[in-house]
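Next come two complexes, and both contain subunit A; in the first it sits with subunit B, in the second with subunit C.
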Partner chain A sequence: MVTIKKSIFIFLGSFALFLVLMLPFYFFGELYGASEFFSKFSFLDFILGPEWSLPEQRYGALQAIYGTLIVAGLALLITTPISITAAVAISEFIPEWFSERLGTLIDMIATIPSVVVGLWGILSLGPFLSNTLYKFLVENLSFLPIFQTTTLTAYNKLTAALILGYMITPFVVSVIKENLRLVPIEIKEAAYALGLTKWETVRIMLSYIKPGIFAALMLALGRAVAEAVAVSMVIGNTCSFSISLLDPACTLTTLIINNFVEATGTEAAALIGLGLVLFMISILLVLVSRLIYSKLLGGYMK
Partner chain B sequence: MYKKGISKTVTLGSAVVVVVIIITALIILGSYQPVSTPTPTVRWPEKLLGGGATFVNPLMQKWAYEFLKERGLFGVDYQSIGSGQGIAKLKEQAVDFAASDGPLKKSDWEELKNVRGGVIQIPITVGSVVAIFNIPGLNELKLSQEALLKIFDGSIKKWNDPQLVEFNPQLENVDKDIIVIYRADRSGTTYVWTDFLEKVSRGKFPRDMSFKLPDEVVDKARFIGAKGNEGVTEAVKNTQYSIGYVELSYAMLSGLGHAAVQNKAGNFVKASTESVMEAIRSLIEYVELPDPLDDWSAVSLIKLDPPSPNAYPIVSFSYVMLYVENSPEKAAALREFLTWVYQKGQRYVADVPGYIALPDNAVQIGLKGVSYIKSI
Partner chain C sequence: MNLKKLRDMLYTGLAYLSLLLLTIPLVWIFFECIVEGGHYIISRPIEFFTDIGKPPGVEGGGIGHAIQGSLYMLGLALLIGVPIGIFSGIYMAERRNSPIAKAARFVSDILVEFPTILVGIVTYIFLASKVTGILATGPAAFAASFALALIITPIVARSVETVFLTISNDIREGAYALGLSSSKVIFRILLPAVKAGVVTAVLIGLAKMAGESAPIIVTNGISNFWFSKWTEPSPSIPVLIYIYGLSPFKEWQTQAWAASLFLMLLIMGVGFLARRFTKKLWVGV
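Entry: the complex of A and B
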């Protein structure tokens, strides 16, 4: 019996190993797929070339990289305060009978397919925002370059970031919630014993789980960078370096999803090259976040 | 022990019975010849495999379904993988026929000229792309071809531009930026639309499956890329003072107004089943189209400019492409299916919303193409 259990465990465990082994395969697969492209164009030109233009055979990823970083970064900015507040509220402030249900509901948001979220963005959120929030921003805050636009529509970086923020928030909330639950009861008791208020106690708890929060946010950022379907539906898809959040843009993933189906030859290889860039961005994110994470962790464990 | 023996014999016995039943069934089924088969000497393939344009997909599915129901000979499996992929599969000889929103490129045609007797290209249905717009309080919009080009290449920026007001006096006080919605994903719709823009701009605007903003455009934020015909329709609906382009069927279903475009004769004509059919009919009547075996790459119905005064000018063919030489079974099946499509099949086109049957003279081109199919 024990041996059977053990062999099942080893069998399933080997899948984890398999996943890890797939990474280099994936990387070299992308490299191989893009080789036809990189034999003709240099990688540096590819990354630093501003424009993606099929008819002229100009394949530059910089505008797409710019769009990707802006939108994903903005989504992270949006989700950070919301998800931390939500997690704290659910685990500390809201009565238990309600907070559990609320937690389940938030988890359910994570299961909504991205194409549905995108449709929601097109059909209701986008038009609503452009008539209210965006109008307000343009009328009152247009002295800021990020809110300047000549033509206000529902399709822009801000809509994409809001949609993305909405999609990644459940993950962050759920991870932070679990982290808060794992804070040793002694810390809470000590805080209360010192006569701290509930608010001050929460702040201590939050600083205790800082590395956990950071890890959750990095995970979410990775997901935001990689999301394609919903973003391509609301971002407007006109590549540019425009600084305004209310102007359309494109991202690496939207370029791929919009063009790959019909692409052949060099172009298909170039699109796989975009995938490679995306992969490299993700790896860079993971490495940087590991570095910061271990630094954070070090600071607390010492 | 005893029990085990019994169960063993029982299992063995039932296994033998099952095998015998299966073998008998196979023999009976194998020798069974359907009485209703009209030409018992022809052996039909299990199915025909087609792939390509998404635009013709609803029509192909309808035809495949009705054809199987009516004749019961073989199925037709059409996969809507996009025009480009369809042609790629044809080159790999992985499909029996491909469908595309445009003809083969000259280079492709030359490459395939000597493969299996060459490629037959025949029009299978008609597409038409229209400009839908959202201007509050305005249901009709008249656009000259020049004005339409200038809206989409960014040189007309506002709705009250004199070139627009000339034919639409109601626009005089609409001092609003024009928001242009284009297809962000690649599509035959964009191909047709940019074909039109290329014609009007005399080659300056590039014809392609994807919409490319001219480099001169500074205010790029006026241009929004939306996904799919549905996406463009929604974007125009949600965005005041916008204009976009979609297949005629989507414009009809959307409830949005679509622009009347000035044709060669100088009339402003809105797209409709009649005006599109009239465009095709008049074209074939007055212009000589190539033979199905020839290079069609230069053929553009838009550039030929339908001469009839009642024709809507932005129309195109969707093509079916197949090799001349096929195995006897496939050749017979292709002949059977395509002949059916051009004759009886045209009746079902009206059942699929937004699609338009081929005029008689276009059907003749199709049937001529079918007659080239050879079995080897």
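Entry: the complex of A and C
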């Protein structure tokens, strides 16, 4: 009897153990795949190598890392004000019957497959922006280095960042909404009792949940860094260190998605090396956000 | 005092503006899908779902091959991923304080946020790569299924765990007090009680992987022919949208919109089903 009782948990536990081992398995898989490359080149040279050029057999990741950080960072800058104000509007300003529906609508953004967002970016948003916003920027603001470009295309860092910002927003909105719900009613009541206006009250509530917002933004940044298909469709896929937001670029994920299947030998191993860099960035971001959350669980999220 | 009111109005206006900014692209995407794609589907209602794509310049063509390929791929992925997810989810709930359960909870929280393209790369390295893979087939459909299965496993596990944690302890105690063995308690008492919740967990996983394209491109490559063998590249709906969207041909771009409409309706349908089952769950327990 005892043996039967135990054996079922050994059976189930082996599956749970499999789940636990998946993460180290991914890490060693990446290391194993990239080992051929790193036996010839040092990791530091790879990360700091400025150029990715197939014909010259030069595999430097710096341009891709630069593109990734610029595009994902810009996406985060775009999403932060929009998602905070949208979450506040949904949970504080709008009557409940309507805010629920609006919440569902915004959740629907998250269910759009990334390839469909990319399709919209390449066929609709990109051409639209290059005829309106980008034209305006180049004509009127080109004294700023970030808006200087020799040939204006619809597919550049700014398009990619706008699309990424849009894709990560629903997630941030829903987390901030959940956090706002956890603010004790006493704080709100005290603020109103002091005669504060609606927005002054909201500001107090936001400062109360600041760590929660930060954790959500870190996870969102991780998603932006990891997104592959939509970005590769609209970023123009030309590696460069150009500071202009209206110039094309490449990122870690776009280099992988565009070249991985046809790549062989050293190139394939170098692409897996890019994956290793991506692995480290996203694990770092997730861990930072988890750390904040676990601290919060002792705080207001108890 | 007036200044305060003005500032309040300004901020409130900005909040409504950001809601508008969020809604416009959603409406725009649906509008394009329905106008461009819906028109194409209506003009070829049967051909679109049964035919293979035509070369550029030739009128017509459908996404039948991609639908078939996606069905095969998602089917195998469910067959592999769902049992692993359910079993480990049950373990995480029923042995919630054991070290393995705690570790599994921690790791699956990380894996849910893990870049799916990396899952594809690792699967390719170990299974399909001609140099390092066990089966050495090169890009292949079965590798895509394995990658998708690995992607949904932590999602299903976490959802199943949550569902099992909603079962009141009285039920467990009552079942054990009758002298039933653990396996009978789990599979005859607890699992049937939360059947609807487990179905929801599977549907959530299905909705998540149905829209994935990066892991498929990395493991399976790109194909625009009928599904032939598991060891050959197979077409799929997301990848079809990807190639048709990037192509310069108007006919293909229109079909990409049509395929997007179909895919989004499919994912929304799965999500709708999941919500229906969740409602049932709360009535059932």
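Here, the second predicted complex is superposed on the first by the 262 of 302 C-alpha atoms of A that agree within 3 Å, B and C clash if a C-alpha of one lies under 4 Å from a C-alpha of the other, contacts with A are read in each partner's own complex, and residues count from 1 in each chain.
Operating definition for what follows: a contact is a pair of C-beta atoms (placed from the backbone, for glycine too) under 8 Å apart; a residue touches a chain by one contact, two chains touch by 3 or more.
Predicted model, so just to flag it, every value in this text is computed and none were measured.
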| item | value |
| --- | --- |
| Subunit B versus subunit C as contact partner of A:L123, first or second or both or neither | both |
| Which of subunit B and subunit C A:L19 touches, first, second, both or neither | second |
| Partner chain in contact with A:A154 - subunit B first, subunit C second, else both or neither | first |
| Subunit B or subunit C, by number of subunit A residues touched | C |
| Touching partner for A:L105 - first (subunit B), second (subunit C), both, neither | second |
| Which superposed partner A:T197 touches (first subunit B, second subunit C, both, neither) | second |
| Touching partner for A:V115 - first (subunit B), second (subunit C), both, neither | second |
| Which superposed partner A:F93 touches (first subunit B, second subunit C, both, neither) | second |
| Which superposed partner A:F11 touches (first subunit B, second subunit C, both, neither) | second |
| First, second, both or neither for A:S240, with subunit B first and subunit C second | first |
| Touching both subunit B and subunit C, residues of subunit A | 122-123, 233, 257, 261 |
| Residue numbers on subunit A that touch subunit C, as the complex places them | 1, 4-9, 11-13, 15-20, 22-23, 25-26, 29-30, 32-33, 81-83, 85-86, 88-90, 93, 102, 105-106, 108-109, 111-120, 122-125, 166, 169-170, 173, 197-199, 202, 219, 222-223, 225-226, 228-229, 233, 253, 256-257, 260-261, 268, 272, 275, 278-279, 282-283, 286-287, 290 |
| Subunit A - residues contacting subunit B, complex | 53-56, 122-123, 126-127, 130, 149-151, 153-155, 232-233, 236-238, 240, 242, 244, 246-248, 250, 254, 257-259, 261-264 |
| Contact set on subunit B toward subunit A in their complex | 81-85, 88, 177, 179, 184-187, 206, 208-210, 212-213, 219-227, 231, 234-235, 238-239, 242 |
| Touching residues on subunit C, where the partner in the complex is subunit A | 4-5, 7-8, 11-12, 14-19, 21-23, 25-26, 28-29, 32-33, 83-84, 87-88, 90-92, 94-95, 98, 100-101, 103-104, 107-111, 113-119, 121-122, 124-126, 129, 131-132, 139, 150, 153-154, 157, 181-183, 186, 207, 210-214, 217-218, 221-222, 238-239, 241-242, 245-246, 253, 256-257, 260, 263-264, 267-268, 271 |
